[in-house]
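Order as written gives the chain letters A, B, C and D; numbering starts at 1 within each chain.
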Amino acid sequence: MELPKKMRAAVLYDWNDFRLTEVDVPEPQDSEVLIKVESCSICAGDVKIITRGMMGQPPMGEFIIGHEYAGTVVKLGPNVEEFAVGDRVTVEVHKGCGRCKNCLDGKVTVCLNYGNTAKGHRANGFTTNGGFADYAVNHVNTVSKIPDNISFDEATIITTAGTSLFGIERMGGFIAGENVAVLGPGSIGLMAVQCAKALGAANVMLTGTRDERLELGKELGADNTINVKKEDPVKKIQELTGGIGADLVLVTSGSEAAFNQALKAVRKGGDITLLAHFDDPVKVEIGLAIQKMNNIYTIRGEGRQCTHRSLELMAEGKIQAKPLLTHSFPLEQLREGFDVFMERRDGAIKVVIHP
Amino acid sequence: MELPKKMRAAVLYDWNDFRLTEVDVPEPQDSEVLIKVESCSICAGDVKIITRGMMGQPPMGEFIIGHEYAGTVVKLGPNVEEFAVGDRVTVEVHKGCGRCKNCLDGKVTVCLNYGNTAKGHRANGFTTNGGFADYAVNHVNTVSKIPDNISFDEATIITTAGTSLFGIERMGGFIAGENVAVLGPGSIGLMAVQCAKALGAANVMLTGTRDERLELGKELGADNTINVKKEDPVKKIQELTGGIGADLVLVTSGSEAAFNQALKAVRKGGDITLLAHFDDPVKVEIGLAIQKMNNIYTIRGEGRQCTHRSLELMAEGKIQAKPLLTHSFPLEQLREGFDVFMERRDGAIKVVIHP
Amino acid sequence: MELPKKMRAAVLYDWNDFRLTEVDVPEPQDSEVLIKVESCSICAGDVKIITRGMMGQPPMGEFIIGHEYAGTVVKLGPNVEEFAVGDRVTVEVHKGCGRCKNCLDGKVTVCLNYGNTAKGHRANGFTTNGGFADYAVNHVNTVSKIPDNISFDEATIITTAGTSLFGIERMGGFIAGENVAVLGPGSIGLMAVQCAKALGAANVMLTGTRDERLELGKELGADNTINVKKEDPVKKIQELTGGIGADLVLVTSGSEAAFNQALKAVRKGGDITLLAHFDDPVKVEIGLAIQKMNNIYTIRGEGRQCTHRSLELMAEGKIQAKPLLTHSFPLEQLREGFDVFMERRDGAIKVVIHP
Amino acid sequence: MELPKKMRAAVLYDWNDFRLTEVDVPEPQDSEVLIKVESCSICAGDVKIITRGMMGQPPMGEFIIGHEYAGTVVKLGPNVEEFAVGDRVTVEVHKGCGRCKNCLDGKVTVCLNYGNTAKGHRANGFTTNGGFADYAVNHVNTVSKIPDNISFDEATIITTAGTSLFGIERMGGFIAGENVAVLGPGSIGLMAVQCAKALGAANVMLTGTRDERLELGKELGADNTINVKKEDPVKKIQELTGGIGADLVLVTSGSEAAFNQALKAVRKGGDITLLAHFDDPVKVEIGLAIQKMNNIYTIRGEGRQCTHRSLELMAEGKIQAKPLLTHSFPLEQLREGFDVFMERRDGAIKVVIHP
């Protein structure tokens, strides 16, 4: 197949100003593949990137945004055996440098050479070019084959799913029979509900402020939902757990209130994982965690094979992407896609872009 | 409710000689409950107990056998709030002494005061009286409430399920998306298949020698089955895993062959858990485990809340007991029950006794 | 040996009002020993107990305070083989109920039946009678034999040492070659410095506000000390670690500032343990922990055999108690002992009382 | 500094036939450094390599042997900031591919692309050229700076030390206060003794057949030594541990007898790590491990930063290399060095070669 030399790509020119631009189709280097992008989702991280920027972001006028994408392998760089032209694949963000203490320890998402492309780090859509484009290149260690029963659109969500799953893994991962509270029904929270159930959690309790989201959470497996505008979530979780508290609490909303609810609702000896970004300092009753001996785990991105694991769970029908994929637009309408996503217009959860 | 003073119980008088005998109904002591036994299953351990004996076994003529039982709480000892008369409950075997290094570390199944009743250890049906009887007493920390949608018969199997689950927990417990080989389709193996799938395993491969057992394994969730009389299980597992080997291998048959197959079929960096008893020394290619850096985990009994976790998985329909409960007899026919079980007559897997 | 019927004990009558009172010598019950108290240290917890009270505290007029004590076994209750009359012993605080989820999981310090003596929980000096007295009774699972080369006074400090060690254990415990920051040179902090070095930490950095404490920290093994009044601890820790940050941070001061310093000074992918009490809510830049994927571990008391482990480290000369034992008083002067401790008079760190 | 174009190197031409040959000085590629080799030790692995060969070994006539070396950085490849010309450094063996499941999980020593240089794997002295030569190239992620107080000769032993330490890490790593048996006083065993003491082990018991090795073990920190020709090691370890058995057993001799002793001598609930190569199948009483719930951990090489950690322990004087470095020869006498090592002539333990 003859590949074009030029392609369309959403390049960031200034804050909140990206434009479809004609650029060169990238060439896959050693251990890389070139992917024809079929679907690329908009993530909250993208909003931060276009409005305020993140660490290691490339200069304005050069940077192609987008990091949750799936597509077809169309060309192999040298030394690639893992994939063949024609493979349906999806990607994860973080390729570590492979030489720092964290990468050698399996913690690639906190690579100590983050942003240092000379040393081999890449984070497509963050520090290197991403997927709101016709084509993108990825190192093989960020690429997964898509099982046949999963569409490209669904496959874009494995970073979300992998992040939720990684949050559970950081707690130890063995949650069969445990009571799990998920605080916040965003896309990470809704995936966390599904992952928790898929791993055998007993009673999954989801909190939030919007009834339609909670309703969706219930459809996706939450055993109980709590609208925090109508009920005290701490009291309700205590009730639902016989006064003992939740064994595990996943904080999927980056709010001071949610963190404090977690500290109050978790069982003595239970654990908390923070899966949300907290932009501002929070005032928290941390003394509770010491009194109750609760560990507070955190995650950055999707580690420990969690994207691969998510794909398997999705292939087996144990987690679903479709109910979260509320909108889609062609690449030409990326601006509208962002607007729908940012305003949560028409109940938007995930918005998928098709180049 | 007026309780009788006397009851029937299967007392062991000599090797392979147990008899229904009239004995006193036991009195629940501090933190104990008296259970009216409704169902009690026969386990391979029982066979060992009646034919050869196990460590700490009480004297002939006194010992009431049976350890996998479920029933109704009919009387509370002092200081019991966890249960009420009328509660439907099931039991696990091991009550630790609560004072040795292992118990304090949460490893109650290997209590260093095993068999020492003065120091508080109990293992009903092993070192203290068990459940082939009208009534039995249990410390509250070995008792679980049965969810409404689980029958007494089904509830007798939670020790089996808890053992399988504990085997997975010892490996780390986070097996979502992993390829898991289960070597041996006995009741532990069939439960292991179900537990592995319930926790999100990707490809569960079950090996054995009897097609009907493998067939049942498939019905219970095994993605692939391998009759070792017809196919080389190591070669087949390699094939099914793209030449990499199984991420995890659960050895549920106590045979030299199975252990060696595990060593050959496991992935580099993967792990093995031994869930079977090995009565005799085995000749094994242990060098493979060092070359491939495979840990070999073991379990004794059901630890880390695994019986409670199993009950939750069963209540959610993620593991099933019924297909394993092939036969049942009244207590008067316990001898026949044992014979059916030991000869695997009519495809017997688990045989349930009803007092 | 004939034991007296009556003894002296410091009974709490009102806030900040304890008095030496004549009470009955307690009788050791099943699995308990009676200890002739030789030394009992004052801990910050005692100050809280006498000034504000803690959860599960017995009524005024009845409660004997003191929890860090050592002495000689003078009488055995039934079923005690672990100890003999004449044994030199020291104690730890927490005896779990042995029946709740946490106790069965080895987390006795967060027993779900905390304070419930009927169910078997005891926390001498917190919820049951303690050691500012001539005699005290303890369940065998809270008692350790003292190696010959350790004095009673030194042995009172194993709760402090065990707490510091437990903080390291919660992080994983394998800290050989790691850079460790200890924020706060109180008795827990000074023990943490020693434990970290005893376990092979490379660069132990101690922060504080008082030069004499930092100096002592250096004598006890700290490789670097930082007076936060004179230097920016975050900047200094970054410098001392080549810009990477501390691999592990132990927060041994319950202040908002220390917690924030920990969040800033810890390495990407490194971990934090909170070993101090935080009485008030704190405003913290928790977002840093998520960006850097730092887990925040907590401890309550001394778990996982850490008192036993501390005694071994002390017996081997790897951690020292003497430099922390700055003052001692007879039991009659307990009030003065508390005053010296609370006012940190004459550089007081630990004050030992001799009944 | 002008570097020569040619150098001397020990090239393997046939089994047991290596010869000093003139070859090109290698050129450091991207992220590599060129090291002027000062010292290179002989390891049991080298003996296997020259006599029987190992997986992935390069063709005869091309392969430069030697993997335990230290020296001075003399040239940097592109993109190297971690080191400067003139740095004193030592190396570890395994550079993973950075793209397989095991490498991404931090298990580089069991890289699934072992031996595949195109995909980035290197194991100098095993699958790529090693250090019995004037110069060698290494990827930066296998290089460590040597602290000033450690000589090149001593630094060659960090692979040995790192392997022993990794064995402890695989068990969990928190061994403060534990009783540890080390079965086999080879160089790995003698380092294991030191590492165990350096990490706070209480009673380290070393077994072996030669009194002079056991004596050395005692000098290096073993609390007890047992000559298995004179005493029953299992009985003795039971005695030394109050009948409970060793908490941890490190098997540093690849013999059937040692493995069986480990199974018998380990405590209920304790753990075993196999640190030796087992060339032949062994007949073992594995049933004991299940009865006592002992995990059997294994290691391959030196993982989880254990070489870096070892260097720190050595710099702090907590482990010593010198007593193990019994002989040294110039590169011209490599043959004699091998002979001395293989025959254990004059009590040889480690033999260092100086190019």
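Some points to look at:
As a convention for this text, a residue touches a chain if its C-beta (ideal position, glycine included) is under 8 Å from a C-beta of that chain, and two chains touch if they have at least 3 such contacts.
Please read all numbers here as calculations on a predicted model, not as lab measurements.
In this structure, the chain pairs A-C and C-D differ in their number of contacting C-beta pairs, and the larger number is found at A-C. Note: centroid distance chain C to chain D, computed from Cα atoms, is 39 Å. In chain D, the residues touching two or more other chains are 101, 105, 107, 304-305. Chain contacts here are complete: no pair of chains fails to touch. Within the complex formed with chain D, the residues of chain B that make contact are 101-102, 105, 107, 109-110, 112, 114, 170, 244, 254, 259, 268-269, 274, 276-287, 289-300. Those residues of chain D that touch chain C in the shared complex are 165, 168-169, 172-174, 176-178, 195, 198-200, 202, 304-305, 308-313, 315-316, 318.
Listing the residues of chain B that touch chain C in their complex gives 31, 79, 81-82, 96, 98-99, 101, 103-108, 118-120, 139-141, 304-305.
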